[in-house]
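Notes follow the structure.
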Amino acid sequence: MPSGAIFKFHNDLDTDQIIGSQYLLLPDLEEMKIYTFESLDPDFPKKVKAGDYVVGEENFGCGSSREQAPGVLKALGVEAVIAKSFARIFFRNAINIGLPVIVCKELPDEVNTGDVMELSLSDGVVRAKGKEYACTKLPEYMQNILNQGGLIASLNKED
Amino acid sequence: MGMTIAEKIIAAAAGVDHVKPGDIHTVNLDRLMSNDGTTHLTVDMYHNKLTKPRIADPDKLVFIVDHNVPADNPKTAAAQKKMRDFAREHQIDFWEGKGVCHQIMMENYVCPGELIFGADSHTCTYGALGAFGTGVGCTDFLYGMVTGTSWVLVPESVKFNLEGKLPDGVYPRDLMLTIIGQIGANGCNYQVMEFGGEGAKILSVNDRMVLCNLSVEAGAKTGIFEADEIALEYLEERGRKPKAVYKSDPDAVYAREYTIDLSVIEPVIARPDFVDDVVPAKELCGIKIDEAFLGSCNNGRIEELRIGAGIIKGKKVADSVRFLVVPASLEVYKQALKEGLIDIFMESGAIVMNPNCSVCWGSCQGVIGENEVLISTGTRNFKGRAGHPSSKVYLGSAATVTASAITGEITLA
Amino acid sequence: METFTGKVWMLGDDIDTDIIIPTEYLALKTIDEMKQYGFSPLRPELAGQMKEGDVIVAGKNFGCGSSREQAPEIIKALGVKCVIAKSFARIFFRNSINNGLLLMEQPDLYDDMTEGDPIKVTVNEHVEYQGKFYEIASLPQNLVDIISAGGLVKAMRKRNGLD
Amino acid sequence: MGSTIIEKIIRHNIGAENVKPGDIVTVKADRVMIHDIFIPFVADKFEEMGFKKLWDPDKVVLIYDHLVPASQLDDTRHFRIGDAFAAKYGMKHVHRSDGICHQLMTEAGYVKPGDVVFGTDSHTTTYGCVGAFSSGIGYTEMASILGTGTMWIKVPETIKVVIDGRLPDHVMSKDIILRLIGDLGADGATYLALEFTGSTVKEMSVASRMTIANMAVEAGAKCALFTPDEKTAEYCEIQLNDFQKSLTGDEDAGYKKVIRYKAEDFVPVMACPSQVDKIKPVSELEGILIDQVFIGSCTNGRLEDLAAAAKVLKGRKVADYVKLIITPASRKIYQEAMEQGIMEILSEAGAIITHPGCGLCCGRTGGILSDGERVVATNNRNFLGRMGTSKVEIYLASPKTAAACAVTGRIVSADNEAVLEK
């Protein structure tokens, strides 16, 4: 995967910060995505480009099960989300919609917004600032869903 | 080797004799619930993304409009209409404006031993009746709706042995916030919080709902109690029978065990902006508030309305405060009407709204403005959760919230 | 008497103030933030097309409905120099005077006009369109006083010795 | 020559022997009302005008009702500005969640028969139900009154509406005013006063008169007036003084027009999308499918309206996939409805009961709809986009008709027992 810019976020980054409640009933993700991270960085939707990365700390995506949270990140072209640990529902939702979520213990402490990184999903490695960081491999079942582009894609293949 | 309640429910749903943490199984789902937070996306995916759109079993599905009721703008109304039309077309049970989804599920559907997926993170509430309820996104929900099944990573269980009794003026909400404060927002990430011990046996179904409902705030996949006589009595009153009553085996394996002495728990408050930033309530007395909220699927039942009414009877809400009282369901509202509680709140100057999620989820009703402060019995206090990004939300018990509404600042009942 | 020409926008009968500015935008902080939503229920694109010095010609009962004063303020903020209608609703008429938005009652002009044409207006006397003159009803003296003071606010400031 | 009620009120207010239509006079305000949406604008203009104090703080009433409870981020700014203004200028009458402004102004005793009252809301005409001259104005006008206590007005001509006889029992006063607006047209009473009299009016409760006075503005009227009687005295909890007793239209007064109706001729009607004067009998609209019913507003959110709805809904349920939203007009009404068991009946039927306030009527929240949806509502306006997008169809009706529609999920008249029983 080509390199992309990093947008760094803090510990326990809850899904209300990713997309606020009052936008959830908009008709689709295209209309919602312009409000991504509004409470933390209102310009994020303008700054982020396809291929960029979101990096979190512990417990990224905690709180509400709103699938619009990984949804808007994917709609904005975010390549993958890397964090020390993920909240369960966000992690599962991201995989279900085909947005790679990578557990990597060391990277978050070494990088900040604006740095550049490169992710190679196949060999489970992240490269940034001249260093390589090992990523925890996904359970094979989940990797399978991700490779097929998400749960629905895999369902359609089964049909 | 023995299994916990959660493992037994998953094993039954997977049609196998035994499961252990870390396994991944395909399971049959007993029920699926979706509300107006995401169903419009599910319906769109159903029509636009599936090669073969179909519904495995409409009788397993429940659609509930509870988040933005009554609707606050045309786009909300359009999303709800899409959901309503889909339910009508496929003959799916449909509730609108009758209350918060989890309260309606507990009052009308959940049975011990069931495996239930809900497109809402507080689906973990159903553990109060010995069921395995967990929150999923709308893609998971769609997969479950179409196939009737899903994949599950078997979670480890963490045992919370509750001993003794809560002192007067201390409520299950104080207990659960204290636990979350100690173990942290991802203390039980991917794990099940199983509540047991002598102290658990005397808790009512309402108390158990308060604990299980907040288990997701500690990252848990779900919270669960054994379905004992108290649970079965609650079920009988509603003409329902359990699917299966499971007990954890004596030799079941737990990732960790905690023993909690209920008698030392004191009133606590979770400070903005994190649910696990919990301090004794007395440390925050005096903080000015603009709004107080008594409601939500965590703390909006008849028990909490009785506590609030008892405190505010004969008193007035402070002029500087908007005190929002929102019964968790129409059934709770009718009971509160009979007991004269609604009249007490009306007389005190409170704002009594129709049963729904209200300001707990921060949209459509009771939204707070720039730099305003809310004390709430809702489930979350994240940054901007109740409105403006600069606003602050404190989480406290029904007693603390009501006492604060009277004085206009954080006050202990 | 002041004279000017302006391009005309046509609106029909009973244009109520909910159409001029829907309720949901009333709580916006300033008129400038609101004006883009002017006439949105009826002609969403209209506000964006209006230019400084344009004129609105309308049918009967223009401005009926709610007493929201944002209605005349928005029309003025969109650059409209004056509104000529067969008749005006009472509160709108009064609010317009108070904000210095010129209104003129003229029963026939609307039926002869087509949108986009220019017209020549001589304040408080007549309107000229394609060579034909249309009489304008003159305003009572107390209203002329408020308009000449530049609206009620300025009239009050003068009364309180501020201007 | 005799005088109309409005002439009597104005001449008493300015202390003149007599006044005639067309005169421009300056009246003193006995009371003024500002609500939450406009208080920020009133406050700005008041201070921009350079006033340092209110002419009489006791005569100013501030009521929060359009934005209660708040539904958008910026709403509570209006409450904070209102509270600050009231504190700064020593105002005592502030109602923060007690109900709709036009219900509270008479219910809470601020307006008495013969008073001259202005409010920053077009439906201020409502207080004519107790024989007060009350009219809606803009916020700049209000700011100047707050400083001077006075306002110039042109004495209006009057149309006299005489209604005699007994109303059929499924017809409410809402059907009368809708019919009148249909006959007069949306601008039929512009710049005019409407005087209501006749045996039917005498029999009416003050609440029913309030519905009529409330919607007079929808025909363009400057004000509506009812002669104060013993019902008014009881409602206002006062003894009528001589001046108040004198407020009848003299036989030989100069009326622009007199309109007569026989009460028996009235039938349940509806105002059809999207003009208030587009009136049709309910019988001609039966069968039209609807998505929602709204019972509330300062037009029809009172106790007798909730009771009428409860009578239809007793022992019945709201139709599937249809929402019935009920918003009582005031806290006092909500409590009285509880005492009379009305709230039990309404909640049993499955109604969504919200807190007293403007609710859906003002179009901010409270049940907004989207393209293609239809609503039967008991409020006073069905303009384009008033309750959602411009493709939402709003039918205005009486509470009894609205309740019947909620049971069947389609337009139906309340006396159509056959359909209601099914």
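Order of writing sets the labels: A, B, C and D. Residues in every chain begin at 1.
Definition applied: a residue touches a chain if its C-beta (ideal position, glycine included) is under 8 Å from a C-beta of that chain, and two chains touch if they have at least 3 such contacts.
Just so it is clear, the model here is predicted, and its values are computed rather than measured.
Graph distance from subunit A to subunit C, where chains that touch are one step apart, equals 3.
Subunit A and subunit D, compared by their mean Cα positions, are separated by 53 Å.
Centres computed as Cα averages put subunit C at a distance of 28 Å from subunit D.
Each of residues 24 in subunit C touches at least two other chains.
Among the residues of subunit B, those touching two or more other chains are numbered 73, 75-76, 78, 364, 367. In subunit D, the positions touching at least two other chains are 72-75, 77, 364.
If the chains shown are joined wherever they touch, the resulting network is a simple chain of contacts running from one end to the other without closing. Contacts between chains, counted with the stated touch criterion, involve the pairs A-B, B-D, C-D. Residues of subunit A touching subunit B in their complex: 12, 14, 16-17, 20-22, 24-29, 38-40, 58-59, 62-68, 70-71, 85, 87-89, 92-93, 96-97, 139, 141, 150-152, 155-156, 159.
By the touch criterion given at the top, residues 68-77, 79-80, 83, 94, 96-98, 291, 320-321, 323, 325, 331, 334-335, 338-339, 343-344, 347-348, 350, 352-355, 360, 364-371, 373, 388-389, 392 of subunit D touch subunit B in their complex. Those residues of subunit D whose C-beta lies close enough to touch subunit C in the complex are 24, 37-38, 41, 45, 48-51, 67, 72, 74-75, 77-78, 120-122, 124, 136-141, 143-144, 147-148, 152, 154, 186-187, 190-191, 220, 222, 275, 362-364, 381, 383-386, 390. By the touch rule above, subunit C contacts subunit D in their complex via residues 14, 16, 18-19, 22-24, 26-29, 40-42, 60-61, 64-70, 87, 89-91, 94-95, 98-99, 140, 142, 151-153, 156-157, 159-162.
Remark: subunit B residues 69-78, 81, 84, 87-88, 94, 96-98, 290, 319-320, 322, 324, 330, 333-334, 337-338, 342-343, 346-347, 349, 351-354, 359, 364-370, 372, 387-388 touch subunit D in the complex.
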